[in-house]
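Would you mind keeping the following structure in view while I ask a few things?
Chain IDs A, B, C and D follow the sequence of writing; residue 1 opens each chain.
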Amino acid sequence: MKRYIIIGNGVAAAGCIEGIRSVDAEGSITVISAENHPVYCRPLISYYLEQKTDLKRMQYRADSFYADHHVNLVCGRSAAEIRAEEKEIVLDNGDSFSYDALCCCTGSSPFVPPMTGLDTVENKFSFMTIDDTLALEQVITPDSRVLIIGAGLIGLKCAEGLHGRVKSITVCDLAPRVLSSILDDKCAAMMQKHLEANGISFLLGTSAKEFSGNHAVMQNGAEVDFDVLVLAVGVRANTALVKNAGGAGGRGIAVSDACETSLPDIYAAGDCTEYHDISSDTVKVMALMPNAYMQGHTAGVNMAGGSAVFDNAIPMNSIGFFGLHCHTAGSQPEGCEMYEEADEQHIKRLFIKDDRLTGFMLIGQMHRTGIYTALIRSQTPLSSVDFARLKIEPQLAAMGRAYRDKVLKGAV
Amino acid sequence: MIPLEGQVRIPSGCAVSAMISRDGRRMNGERIIESMVPMHDRSNGLGGGFAAYGIYPEYRDFYALHIFFSSRSAQSACMTLLKEYFEIVQDEHIKVRKMPQITDEPIIRRVFVSPMQSVLRHLQIDEKELVVRVVNRINAQSDGSYVFSCGKNMGAFKAVGFPEDVGRYYRLEEYDAYCWTAHGRYPTNTPGWWGGAHPFCMLDYSIVHNGEISSYDANRRFIEMYGYKCTLQTDTEVITYIADYLLRRQGLTLDEMAAVIAAPFWSTIEGKSGADREKYTYLRTVFPSLLVTGPFSIILGFDGGLMALNDRLKLRSMVVGEQDDMVYIASEEAAIRVMAPEIKNIWSPAGGEPVIVRVKEGAF
Amino acid sequence: MNFYPEFEVVRSDSRCIRCRVCERQCANEVHWYDADGKVMLSDESKCVNCQRCVTLCPTRALKIVKSDCRLRENANYSDQTIKEIYRQAETGGVLLSSMGNPNPLPVYWDRILINASQVTNPPIDPLREPMETRVSLGKKPDHITRNPDGSIDTKLPPQLTLSMPVMFSAMSYGSISYNAHASLARAASALGIYYNTGEGGLHEDFYQYGKNTIVQVASGRFGVHKDYLEAGAAIEIKMGQGAKPGIGGHLPGTKAVGDVSKTRMIPEGSDAISPAPHHDIYSIEDLRQLVYSLKEATEYRLPVIVKVAAVHNIAAIASGIARSGADIIAIDGFRGGTGAAPTRIRDNVGIPIELALAAVDKRLRDEGIRNNVSIICGGSVRSAADVVKAIALGADACYIATAACLAMGCHLCRSCHTGKCNWGIATQRPDLVKRLNPDIGSQRLINLMDAWRHEIKELMGGMGINSIEALRGNRLMLRGVGLTEKELQILGISHAGE
Amino acid sequence: MKRIYVREEWCLGCHLCEYNCAFANSGMTDMVKALRGKTIYPRIQVETDENGVTYAVSCRHCKDPVCVKSCIAGAISQKDGVIEINHDKCVGCLTCVLVCPYGAVVEDGSGVAQKCELCMKNACGAPACVKGCPNGAIVYEERGERE
């Protein structure tokens, strides 16, 4: 009977459990969870603030998930060390567990750059976990003025979540635009305009230089008074465990398409990893929930002796604020062409290079965008489809007769 | 005025009965008359009759015409006509027993005739065909003469009344036959006309029939294409003509005729093998208009035997009994028990399956 | 001259959900969506009342009603008559119509009633007892012959065997669509009956249904070749059609496209004009020659049907045909349908099928030649009751076409000649042809025939008849109501109560 | 399992399937009340190809469903082959819309995702698009599984 250990209890871990069990019904599975919550998906925390969900509904799987999958869940503990040679791990309390196959799903942690006087701020929060969220919720009042450092996905979703529950929200970011990691200037401007229309204030191209109590001074000299500070500058992959054990990696733990690390019988999945983005042909950390699950599942299958690969990863994001949605996927490689449609409420930007769709940004027009995503993932030559029609509207009709017959006349 | 047979189609219910000796023993009419008594309620007094085979051995070479005349003048006109085609061998009264139950008697004559050879040569037909034509002509003219029996060595006896009375009226105890058939009638609408009683005869074929066939007009309109004239508009008449057409003119065997008028279902035919399937398919395909549907049990008497047949759904009762050389057939078992009280072997033939009884070769 | 439209589109705005199905489904372009006002609008002058939109409207927001804007009432000059005069005054043309004669002339089927058994003999329950509807069409031998061993020689002249006495009448590929033909062919095949190619040849896809196909040879000889003749189970020589006795046919070039022209063996886009007579048949002797030519060509394997329109001396004509070597006569009454016919011909030429059928059956019996031929009766056989009446009058089987079209979806708008059949039947426009899915079309035809067969059995059972042959010519099972002595005499039936 | 398949040779492009779908999933008993004056958000989409051929696309209920794997809320699941969305859990992030390669998951007009669930959860009981198709162009039948 094989012994499986999964460090971490996020979506990648859930994928890993389901992957293992799709092959091996017998082996023992131990999950080491630092948080005292059953698996949930972190992006839901803003919806919690927004009261679109609650703790119960946030559970990623049913109450009986661990029991159904015969998982030994160890809560409130984190792994301190992996002893690759001995094939065992040691927990923060000194307990050790042996494994035949290990999967590291340690995720990422908030990154807080050094800022003068940060220690003088009483109400400051990260925005990563349920516990962060519950703590934040404790202090906000309808009179709160909130300053959020970081206009990325986390910072803005936090802003949306808090909207209506506090007096004011100001978001600052060193970058000159919002969502700088996924949007270009034009798209970002549209999103920003929409956010501003909903009462969010921005201070862009600058960040807090120093704090004193509830007073922040920006690099550009502006001053902001606030009651609650949210630090959402960015995240860093939790790579230490694997790296300390001798595993390779850069910003993330290096994994193959089979989610193997460089160490034998040690796999990694989720936000802690760096891996191949086929849209840009580069290796990068893509901290995305769908990819985390798929990596976890791939790792689980392989750990249990099956054979799986996740070899079509691309970055992609579906995010929306106050009813305005934005879909992005892939990348904009050097020298790509762009197809654009835009009006007051919509932007569509498709990026094309070497007869392939490499990426897109869509705002306000979500209908059937998965067809574009699939085009990027499958790296379909655009000359083999009717791209002239496709770029106007995602549709199977433009994908060629053979594809349509395959998809619509038989099981897929 | 209530219309007579021939002026309107009259359905009727009936009783039938028959007895035959396979050894050709001749028996008087006592038992066949008695057999009709327990079936009294199947008749309503508006018609009864009998056919007897082998009763005129001394005149066996001549056609025995039994004729009703309504008047002397009709009789004389008819005889004049007959003499154009036939030698008159004998012309006599049929002896009857006067009784209160039988009234409105016509003149009833028996005439033995022999076709004139010169006529046959002239018309280029055989003698049977001549008899048929002349009889049909007399009967179709409906001017007071009606030939109700015209076979050789056989004869029909019929009248308006209950069958047991009719039998005694005709003094059937004085005739000896190897085969007797009997009929009691329950017409639903008629004042009773002697000619309309059964059996119905054509040459040596006699038919007694119980039922009301639903295919009547299909059968009639087909058979009338071949020179027959269904003047009486009765089932019995048309069945007699069908029998004559199929047996005499088409040369079918009795079994083949049964396969036409009570044809097996197509599903049954399809279940048969090779030659049988071809034969039955052929007969149904060639003679579709002679399929007889609706309820019937008929007894067809002929020279040397009889055939009993039910419709293919067996919508009318008919039982058969067998003892030694005798075969009995009747609408009800009670009738057979009267004729043969000790009989053991009694059964009910399936619909559409003919029961054919033949007298030993040379015994009649 | 502008008329107020004949029909009005009545749209309930409170029910209309603007799904625009009506707009998409109307080949006549009656409906359209006004995006500014967010309403559906209609141009009623184009409406033919085919009911496609009404049928497909998911909220029953639509109905088509006859306009009550009429000319001043005149019992002599009807609205229709006057408008036809206007139209002719404008165009100088012959008026064209489609489908059967719609005028209120006597329908004798409706004046004939069927018998049932009571007391003296039993009705038969078709659910409990076998009830046979199979018929064989073809010449029946006068005499049986026997082999030397005494068995019957069972060789028969060629016969068509039908599971029930109904067949699909001739409708050409061209006048109706590929999918309509496919529906008919598949249904005939499944039912064990026959359909008829009409004068348009046989599309190569349908040779597989040859066992259930009657191939037609008409005056234009379109699509006729050796393989075609041999492909079917019988050959029909079309001398005439009930809807247009005495004239030929005309398929406009617009319908002679693609496979239609190929199947007809005529150049694409050319008008297919069938002459009024067969130019090799100017007399009954000539017909005999064609009958035997076709028999020779197919080695006497196939029965030959001669189809004629019911005209005044039909009985004599039928007698001639019965002696011509033909195996089957098809008589088409004046209410029979058509894909296009001059209105005056359709509405004024020919006689009712009921009288023609009765006269022919009687004449052939009087002459003793009824067995030479089988009789098919066509020209508005609308129901199982009509079939039963036709058989009892003397038909061996019936042809149906209008009823078959209705089963396939036709709503009898009588606009076949426009080629824009919204039901995908009388059209060659691919987008419209597609509307008739033969899976559905054939199933509906099968359903209709199944239903009729059940009804025929019920009616037969009521009469105490358990096989269709005992019904054929069984006129005692019929009674007339409200008919004159003369009509009764021709029909050969008694009046009810007699 | 039984799935919905299109027989595009018979599709008339009438779009009735979209309306029947929207009605079936409206929870209402009257189509007029359900749909009149409203924009519909059907779970089936009629497409037209370059030759004018039309056909309807709805969830394929894939063997390896990327929508299930991508749902951040764990709201999409597959049971006995049928993929369904738990609308109670869905927060409307629309990641499923972003990943479905057939464009079969769509927004429902109120911000959350929806897709064809074979009418198993509505009062219709059997796929309304199939039942309402006037020409048999959409069928619900067993055609085997992907190897």
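In this section, a residue touches a chain if its C-beta (ideal position, glycine included) is under 8 Å from a C-beta of that chain, and two chains touch if they have at least 3 such contacts.
Note that this is a predicted model, so its numbers are computed, not measured.
Q: Name, by label, each chain that touches both members of the pair chain A and chain C.
A: D
Q: Using the stated contact rule, I'd like to know whether C-D or B-C comes out ahead in C-beta pair count.
A: Of C-D and B-C, it is B-C that has more C-beta pairs in contact.
Q: Centroid from C-alpha atoms only, then distance chain C to chain D, rounded to Å. What do you get?
A: Computed from C-alpha means, the inter-chain centre distance equals 43 Å.
Q: What is the distance in Å between the mean C-alpha positions of chain B and chain D?
A: The separation of the two C-alpha centroids amounts to 78 Å.
Q: Based only on mean CA positions, could you tell me how far chain A sits from chain B in angstrom?
A: Using C-alpha averages as centres, the distance is 104 Å.
Q: Between chain B and chain C, tell me the centre distance in angstrom, where each centre is the average of that chain's C-alpha atoms.
A: Chain centroid spacing, chain B to chain C, equals 47 Å.
Q: When you check chain D against every other chain, which residues touch at least two of them?
A: If we look for residues of chain D contacting two or more partner chains, we find none.
Q: Would you give the residues of chain A that are in contact with at least 2 other chains, written as numbers and ranges?
A: In chain A, nothing touches at least two other chains.
Q: Looking only at which chains touch which, which shape fits best: line, ring, star, complete or other?
A: Basically the chains just string along in a line.
Q: Okay, what are all the chain pairs that touch?
A: A-D, B-C, C-D
Q: Name, in rising order, each residue of chain C that touches chain D in their complex.
A: Touching chain D from chain C are residues 14-17, 19-21, 24-25, 55-56, 58-59, 61, 431, 434-437, 439-440.
Q: How about chain B: which of its residues touch chain C in the complex?
A: So the residues of chain B in touch with chain C come to 9, 11-13, 188, 211-219, 221-222, 224-226, 250-252, 256, 263, 265-267, 275, 278-279, 281-289, 291-295, 312-313, 315.
Q: Under the touch definition given earlier, write down the residues of chain D that touch chain A in their complex.
A: Residue list for chain D touching chain A: 3, 5-6, 8, 45, 47-50, 55, 57, 60, 62-63, 66, 69-70, 72-74, 88-89, 91-107, 111, 143-146.
Q: Quick check on the complex: what are the chain C residues that touch chain B?
A: 117, 120-122, 124, 129-130, 132, 134-136, 140-141, 143-144, 146, 151-152, 154, 156, 159, 365, 368, 370-371, 394, 463-467, 469-477
Q: If you look only at chain D, which of its residues touch chain C in the complex?
A: Touching chain C: residues 9-10, 12-16, 18-20, 23, 31-32, 35-37, 52, 132, 134-137 of chain D.
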